[in-house]
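Next, two complexes with subunit A in common: one pairs it with subunit B, the other with subunit C.
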Partner chain A sequence: MNLELRLPLADALLRLADDEMILAHRDSEWTGHAPILEEDIAFANIALDEMGHAGVWYRLVAELRGEDPDTHPDQLVFHRALDEFRCLRLVELPKGDWAFTIVRQFLFDSAEVVRLQALRRSEYPPLAKAAAKIAIEERYHDRHLRAWVRRLGLGTEESHRRMQAALDQLWPYATQLFEPQVSESELVAAGLFPASEPMAAEWAEAAAAILADADLKIPTVGPGMNGGRENHTDHLEPLLAEMQSVARLEPQASW
Partner chain B sequence: MSDTQWPRYEVFVQERPGRPHQHAGSVHAPDPEMALLNARDVFVRRPECASLWVAPSATVRGGTAEELSQLVAAPVSEEGSPDIEYLVFAKLEERGTLAHVGEVHATGPDDALAAAKAAASRPPLALWVVPAARVERTLPEEAASMFDPSRHKPFRDQAFYHIQTALRRLRRDPLPIASLQNRGKKR
Partner chain C sequence: MAGPISEERVWAELGEIVDPEIPVLSLVELGVIREVDVREDGVRVALRPTFAGCPALHVMRAQIGERLRALGAAKVEVEIVLDPPWSTDDIAPEARPKLAAFGLAPAPSPVIALEEILTAPRACPRCGSFNTVLRNDFGPTPCRMIHYCRACMQPFEAMKPV
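Then we have the complex of A and B:
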């Protein structure tokens, strides 16, 4: 690989890692509180899976940066400042009600399915290999989420109303899922990372079909949310304060 | 009092291809597909699994050895012909669980139970019959995304984290109170 592309590729993977990590944290907030026991276990599994995926991406970031893949991920997660996180605003939002959680997770996981298929064709073999492995798990997440979207969308008057309200609120944030990045064109030209626009189109079509089947209407939104991934909602700060609190008590502790 | 619980489904796990499906427990779910997904999440996190079956608990007819001994051969109903297929699960060992042993055709659940008992190679400790049409099964092409991930996850026993050792050491050699109070303030 062209050495000059190592750091831009690390940045691209850091975005994926931060998305998974912050979403995993939000998902974990349901542990012990999900609507029924079976779903509590299922959703805790999903949260753990997303955290595992974040770990895979953070390790690749470490390797591309020449850092220790065993210790750098913890540094990135627990000792990095708010303004260095590059997650989507979609994953920062508080967990809301169950419909909100389901719609957000569906939007994210259906996008992941598309992105991982494209990442499997990366010319950077460790990335292609990791994507192939994660894709298997995301296919299951996607099935689980599609099942919930359909049942709540077509369920009762209340479940449909809550799902539509969640979609209305979340859809504008979803436009950031495949927002083209500044350094993208070089990575795309080198075959290391997939271009955003074709993935955005593929995802939008797939998501629209599932939502239509669930009798949910995609809201019309104006131009997507302005500002890149260096801009965050006010919700990220308290999330990081909680997530990082224990590690920061004793930065040298070994776990 | 109205029951707001979702219906219960019995879950049968096949650990490896060629092995019988064995009863693993039950889950609540609003419909068969969700029952299958819940069964995967509740019962297939760590153990090996090649295939999953679920069936509504309400469709299961079963009995222990004692109950089966009182089973009178069901009267063959006039109109019915034995054309309903039932899966038969038998518990043959005291330490074993209900495992799929075959199928019978019968006119109804009692008839099926009697037929299953008659067909058993040795007296079972318990028998279940489940109408085959009510069993939801994972498809072979779903197996990878349903079951492969659990195989790649490390199983960590609590001993992995050395908590017991650390606690024993702390008990033997307590930290001075002052150092506990100052924890977290230094750096």
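Then we have the complex of A and C:
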């Protein structure tokens, strides 16, 4: 690989890692609080899977940066400042009600299905292999979320109303899912990372079909919520304060 | 000092370490040991996670280090590898009955058409009945799911086919 592309590729993977890590944290907030026991188990697992996937991406970031893949991920998660996180605003939002959680997870995971298929073709073998591994696990998320979108979209008047309200609120944030990165053209030209535009189109079509089957209408929105991953919602700060609090109490502790 | 440990001895030792969450299977039977490489200065083991977020991975890693050092390996390197991805097909066929005896239904193998596998009834590991239904794609660990046996009128756990 062209050495000059190592750091841009690490930045691209850091975005994926941060998305998964922050979403995992939000998902974990349902542990012990989900509406039914089965979903308590399911969302604890989904949170754990996403955290595991974040770990895979963080390790690749470490390797590309020449850092230790065993220790660098913890540094990134627990000792990085707010303005250095590169997650989507979609994943920062508080967990909301169950419909909100389902719609957010569906939007994120359905985008991930498309992205992982494209990442499997990366010319950087460790990335292609990681994507293949994660794609296998994501099949279960995809199955689960599709079933819930359908169940709640076609369920009762109340469940449908809540799902539509969640979709109306979340859809503008979803435009950021495939926002091109600054150095995208170089990475795409080298075959290391897939281009955003075709993935965005493929995802929009697939997501629209599933939402339509659940009688949910995609809202018409303006230009959406682009504007860079340096910009965060006000919700990230308290999330990080909680997530990092224990590790920061004793930075030298081993776990 | 004794010469380097034989590769055979390392595999035998790994065959004695059990999965911390499924203590009836060894790491070798579970299929997570991808490679063993004995070198002059120590041993390198390539370990595959069953699931990327498996919390038992760190325990496995630590145990491999401890056990092989106790054998006399000066340096033990446990490398996490993802390729080829672990599959329930990698569980040793002769170890599958042990899973069922433990109350954990083994995954159908080979895992090809996932949707068909998941909609077909799995045999209850307790009574053998096929009058069962998938209750939850997720379970108490990332690699398990929950079914229900209508004959026993009890839930049971099964390996999640991947």
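Things worth noting here:
Going forward, the second predicted complex is superposed on the first by the 254 of 255 C-alpha atoms of A that agree within 3 Å, B and C clash if a C-alpha of one lies under 4 Å from a C-alpha of the other, contacts with A are read in each partner's own complex, and residues count from 1 in each chain.
One rule holds in what follows: a residue touches a chain if its C-beta (ideal position, glycine included) is under 8 Å from a C-beta of that chain, and two chains touch if they have at least 3 such contacts.
The model shown is predicted, which means the values in this text are computed figures rather than measured ones.
Because the two structures share subunit A, they can be overlaid on it, and in that overlay subunit B clashes with subunit C. After overlaying the two complexes on the shared chain, residue contacts for A:79 are found with neither subunit B nor subunit C. Of the two partner chains, neither subunit B nor subunit C is touched by A:161.
Judged by the touch definition given at the top, the superposed model places A:132 against subunit C, while subunit B stays out of reach. Once the two complexes are overlaid on the shared chain, A:56 sits against subunit C while remaining clear of subunit B. Of the two partner chains, subunit B is the only one touched by A:151; subunit C is not. With both structures placed on the common chain, the touch criterion links A:36 to subunit B but leaves subunit C unconnected. By the document's definition of touching, of the two partners only subunit B reaches A:249; subunit C does not. Once both structures are laid onto chain A, the subunit B stretch out of 115-123, 151-159 or 169-177 that overlaps subunit C is 151-159.
In the three-chain superposition model, subunit A touches both subunit B and subunit C at residues 38, 41-42, 45, 49, 52, 133, 136-137, 139-140, 143-144. Contact residues of subunit B toward subunit A in the complex are 6, 27-31, 33-34, 37-38, 40-42, 45, 144-146, 148-149, 152-153, 183-184, 187. Subunit A contributes residues 38, 41-42, 44-46, 48-53, 55-56, 59, 129-130, 132-134, 136-137, 139-140, 143-144 to its touches with subunit C in the complex. By the touch criterion given at the top, residues 36-39, 41-42, 45, 49, 52, 133, 136-137, 139-140, 143-144, 147, 151, 249-251 of subunit A touch subunit B in their complex. Residues 49, 51-55, 80, 82-83, 85, 87, 114, 118, 135-140, 142, 146, 160, 162 of subunit C are the ones touching subunit A in the complex.
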